[in-house]
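Before any comments, here is the structure.
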Amino acid sequence: MGIEVGRIIELWPEIQTAFFQTLVMIGISLSAALILGLPLGILLFVTDKGLFWENKAFNSVIGFIINIVRSIPYIILLVALIPLTLAITNTTIGPIAASVSLSVAAIPFFARLVETSLRETDKGVIEAAIAVGATPWMIIIDVLLPEAKASIIQGITLTIISLIAYSAMAGVVGGGGIGDLAIRFGYYRYDNTIMVVTVVILIILVQLIQQLGDYTAKAIDKR
Amino acid sequence: MIQIQNLTKTYMTKRGAVTGVDNVTMDIKKGEIFGIVGYSGAGKSSLIRCINLLERPTSGNIIVDGKDLTSLKGGELRKARLKIGMIFQHFSLISQKTVYNNIAFALRAAGMNARDIDVRVSELLEMVGLAEKRNVYPAQLSGGQKQRVGIARALANNPDVLLCDEATSALDPNTTLSILHLLKDINRKLNITIVLITHEMNVVKEICDRMAIMQGGVVIEEGQVYDIFADPQQELTKEFISSVVSFNVPEQILSETEGLLVKLLFKGAMAGEGVVSDMLQKYQIKGNFLHGSIEYIQERPLGIFIMELKGEKATIAEALKYLESRATLVEVVGNGN
Amino acid sequence: GEENTTSGTGGTAEASKEVTLGSTAGPYSDMLSKAIVPALEEKGYTVKTVEFSDYIQPNVALNSGDLDANLFQHTIYLENFETENNMDLEGLISVPTAPMGIYSNKYDSLESIEEGATIAIPNDPVNAARAFLILEDEGLITLNPDAEVLKVSEKDIEDNIKNLEFQPIEAGQLPRAVEGSDLAAVPGNFALASSMNLLDALVLENMPDEYRNVVAVKAENKDGQLAEDLIEIVESEEFEQTIDEEFEGFGKPGWMTE
Amino acid sequence: MIQIQNLTKTYMTKRGAVTGVDNVTMDIKKGEIFGIVGYSGAGKSSLIRCINLLERPTSGNIIVDGKDLTSLKGGELRKARLKIGMIFQHFSLISQKTVYNNIAFALRAAGMNARDIDVRVSELLEMVGLAEKRNVYPAQLSGGQKQRVGIARALANNPDVLLCDEATSALDPNTTLSILHLLKDINRKLNITIVLITHEMNVVKEICDRMAIMQGGVVIEEGQVYDIFADPQQELTKEFISSVVSFNVPEQILSETEGLLVKLLFKGAMAGEGVVSDMLQKYQIKGNFLHGSIEYIQERPLGIFIMELKGEKATIAEALKYLESRATLVEVVGNGN
Amino acid sequence: MGIEVGRIIELWPEIQTAFFQTLVMIGISLSAALILGLPLGILLFVTDKGLFWENKAFNSVIGFIINIVRSIPYIILLVALIPLTLAITNTTIGPIAASVSLSVAAIPFFARLVETSLRETDKGVIEAAIAVGATPWMIIIDVLLPEAKASIIQGITLTIISLIAYSAMAGVVGGGGIGDLAIRFGYYRYDNTIMVVTVVILIILVQLIQQLGDYTAKAIDKR
């Protein structure tokens, strides 16, 4: 398991590219999770029993779809989504294309986390808002989201970390990224140096994100 | 102001139907402070939460200011709620918003613009004595201060009715007192109707005009607070009142008394205005107060004493007659040893 | 995207000289970048390479126009893929390819293989078929003669003389399985990647040219400028020189040795 | 029984050191019920939690039954804790174990065998009146019942000391009363020393022998409950006591009085045994009780009255002299209009 | 995307085998998670600040190792663990061998979930147990575990579902299983019938486990 410094220098540009690809994939799929998963999570919560948009049918259908997406192995999901990927990105390879399936995996994952976070809000505060005559929209914007924000930040952290893990599989469609670099060099090419370097980078990345998430969640919480 | 007509609220649970409120009819008048007491599970919260339709009644009507709330939906109901403030036991403030924004939230719900909100919030903060806590988050406030924010929020849209569900149960006695005075003040200044749930009779005694006692979803007694304290009808009511006006003379003391034990009750303007002193001067008997209190309920005194009377039997009998002619109630409770 | 497709079509190649080439992780990707890309760049192309960790997507991408050419598969695989997926691709020219071998840490010859030994084989159908064909050549199994060469699977075995037990695993994992399994059929590229000596194999694949990897393009582009340039590069002296220096042990295709 | 010597507890927080208890020295005697009152944050919990070392003191010693707990560690400390029961405000029962197992848990901690545990738990359940709730889970109990389980658990290993941190604050007044009586009973029957934290003076009045008032981590007043009620020294103490014995005659009533207002305080055996009646019979003046109560503290009466005296100035002066010679305290509080 | 019934019947034995392999892999790695992850999670909790075995150094080291394992892409973990796998199972291929890496992934995952569950127990109940003179061991067995059991059951559910997803990647070392069947037949051989059938089986399996978990958690909770 010799580690050669020369090899690291040699492959440094490759590592940089991979790092950038990881950022692209995570950036895109995280955005998708935020833009679509957040409202989906809110919908899941407010259509639940006893809440202001209670709608059992809608709630179960959404819940079921989310569970289905979460049951499908990522690689199968990736293949099943190729037509969608082509339609959206006009290509099926590269980090942008990989982001489509990552997004589809991240959206329901994050939606569930948002739902769980919202569930922690004190029912009393929601009631107080209803009693004051607030509209559902105001309750979502001014009560649910602010009250759950620290917990949602933690959810974002968890989503990013899971995306880093998933993005390692994006190599199947040439998505690249640090995880894929580890697999291509470490696994397929038996290059221990690169494997160790990339794994270290991954570990540092994950720890950094975790710490940043913890810090932010604590900093913005006014409790 | 608030007509509650044949209100019934039944909860459907897995173990079957649970009755919260059972066919209650009540009429709460404009500008009064109406207290509802009862043990846990009596249905007090269910009742008050039906008033602003936080809980939809199973049957019956709620008419506030002539409008039948049970017939309203969506936007109309929200509009009606602007005129019904509510304060909660656990304050229920938005923990992530400042005091200012917690109150501003209620005003935005009424569609007020930013400038007017600013003026109104300042006014409200002044009113509840929290002007300098404007930009502070709830976590940095004491319980009493949190409740003041709750009150300011409830009053934000100049409601006609204020509902309080155990608004002081989470507070210590001194803070409770200051909150009660604030409520009384508001009631007087703004002529707001207040419905107040509690299980502490002290609270009722302190500020309510009328009261109802609930048990098992039913109102078992209702009337002027003073009258109910002076002359409770139901066993449960007596039990509640005894926590404020209690007259259990310790065994040991009783065993040491020699004279006649009488319980005297004076109702009205000045409790027992000179009656006892007149009696003592008129008749040559010795009087000893074993127990007694004069409580001011609604600022009217209600005096209850247990006296030991010693002296000639005949004189005592005469003295008793005299007392009976002037006190509201004279009752011989023991005969000494 | 779209421009790439048009860029590959015939005479318009000069208009845009940006091309994307694909391969799978391993020696063929190296062959692209060491022996082909420099030559293409010399001809004025701007080349981008994409490396896949999978055997399906490089063709899918080639067909969709995301790639202009790829190098990772042999002719039989390519042809089969075309029919399975209704695509029209074209192999331009075959390149030196590393042969699959049967390796073992336990046995030192095929004869010493015991009854019921386990053999790790690739879990993708094409490489699995190659493994079965080696075993048939060595007389360890007999296959149903009607079976399609490329789809040969366990089910086509008529006679399993030593009652070998087949254990399909991911191709890239096979070198690592030499230790855990009695026998392993390791594709040459992975054997080389893991610094195995090809000569340690109990037996190496007898490799007909249709099992050698080819540079492939979309059929409609087979006469284009890029195709022409690619063939020219592979046929060049410099290419063979690079192979001799950097890809020792790779079996050269017939046209090269002639 | 419990010697607290120079106890200081400082909490290290991110924002710096916070003082919980500040150099407190106290001596709690065997068999007494000792009450600690004070506002929120006064350091009551910190103090009591130092007694069984749930909180390790920053400095100072805790000596229980002659043993310095602060010197103990691990197994020895656990053994010492077996003799110090504790009951909690929120009951702190194991929600997933039956009443039986919650109590048995404490006995297992003492290493008792299964058969003895069975006998002892039955005994304890009998004692707290929960025999028929043996196999029920805490969720199915009322607050008062939960606290009884808490008490049974605390008493399981026959402790010498019982610590109660706001043991009744989560209960309604009637349940509180029944729990207090149970504690008093236990104290008498088993001669257990009880240390009791509360912020309700009614609780202290009901069962404590001695009490301490805390503020900012310091004990500002300490003594017999009766003495403190009769003659509070510190402002804060007066404030607390006024919640039980309050003498604010409403403005309106004051404005209507014509005579001299005097406050009389009688301490001892029979509060004001005939003093007032003697006075009224001796001097020709009219006496009217405006406010008054006789509280039984530790079963000794403490009488406080506010009277309006009307009559000749000279006679009144004489009457006052007479009263002064017999009452504990006579104070002229107003002059009428 | 034609689905042929004949094809399902033909491959039924294969599906059965795969199902059995999935059970083996999940059974083994779940057991490992329970046997090692549970105590690890308990240790993580009780060595935390303010608890009876407070030990900052130990706590951070364990926490760090857990984060590292969770940062490494599964396939790299699998490769890195080959020597361990060989030592334990005497082989590097097949479902039993695959279970080693699945276990290594599942143990820290479950440990974190256990820690989170324990964190929900009322601090007051733990204090009451300390005040009563209970030993740390008694507190763990009689207080922490019973109080957290419903939440731990939910954690087991989540671990199983994640293991099903991970085990799809066990095909790399010939682990087999339903997920791998989906990849081998559905993906590599373009057999839509098998792909759909296996995905449906996966979805049903996940839903069943979720429902069983929810039901059990509710049934044993005495709150």
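In this document, chain identifiers A, B, C, D and E correspond to the written order of the chains, with residue numbering beginning at 1 in each.
Methods note: a residue touches a chain if its C-beta (ideal position, glycine included) is under 8 Å from a C-beta of that chain, and two chains touch if they have at least 3 such contacts.
The shown structure was predicted, so the numbers you read here are calculated from the model rather than taken from an experiment.
The chains that touch both subunit B and subunit C are A. Taking the mean of C-alpha positions as each chain's centre, the chain lying farthest from the centre of subunit E is B. Rotation angle relating subunit B to subunit D: 180°, from a CA superposition, given to the nearest 5. Between the chains B-D lie more C-beta contact pairs than between any other two chains. Each chain gets a centre from the mean of its Cα atoms; for subunit A and subunit B, those two points are 53 Å apart.
With each centre defined as the average position of its C-alpha atoms, the distance from subunit C to subunit E rounds to 37 Å.
Rounded to whole angstrom, the centroid-to-centroid distance between subunit C and subunit D, based on C-alpha atoms, equals 88 Å. Counting partner chains per residue, subunit E shows two or more touched chains at residues 79, 187.
Not a single residue in subunit D touches at least two other chains. Shown for subunit C are the residues that touch two or more other chains, namely 56, 172-173.
This structure has the following touching chain pairs: A-B, A-C, A-E, B-D, C-E, D-E. Those residues of subunit E lying in contact with subunit C across their complex are 79, 82, 85-86, 90-94, 97, 171-174, 184, 187-190.
Residue ranges of subunit A in contact with subunit B, taken from their complex: 122, 124-125, 127-135, 138, 142-143, 146-147, 149, 221-223. Per the touch definition, subunit C reaches subunit E in the complex via residues 55-56, 84-85, 118, 120, 123-125, 167-170, 172-173, 176-177, 179-181. Interface residues of subunit A, counted against subunit E in their complex, comprise 67-68, 70-76, 79, 161, 164-165, 168-169, 179, 182-183, 186-187, 195, 199, 202-203, 205-207, 210.
Listed in rising order, the residues of subunit B touching subunit A in the complex are 52, 54, 78-82, 84-86, 88, 90, 92-97, 105-106, 108-110, 137-139, 150, 153-154, 156-157.
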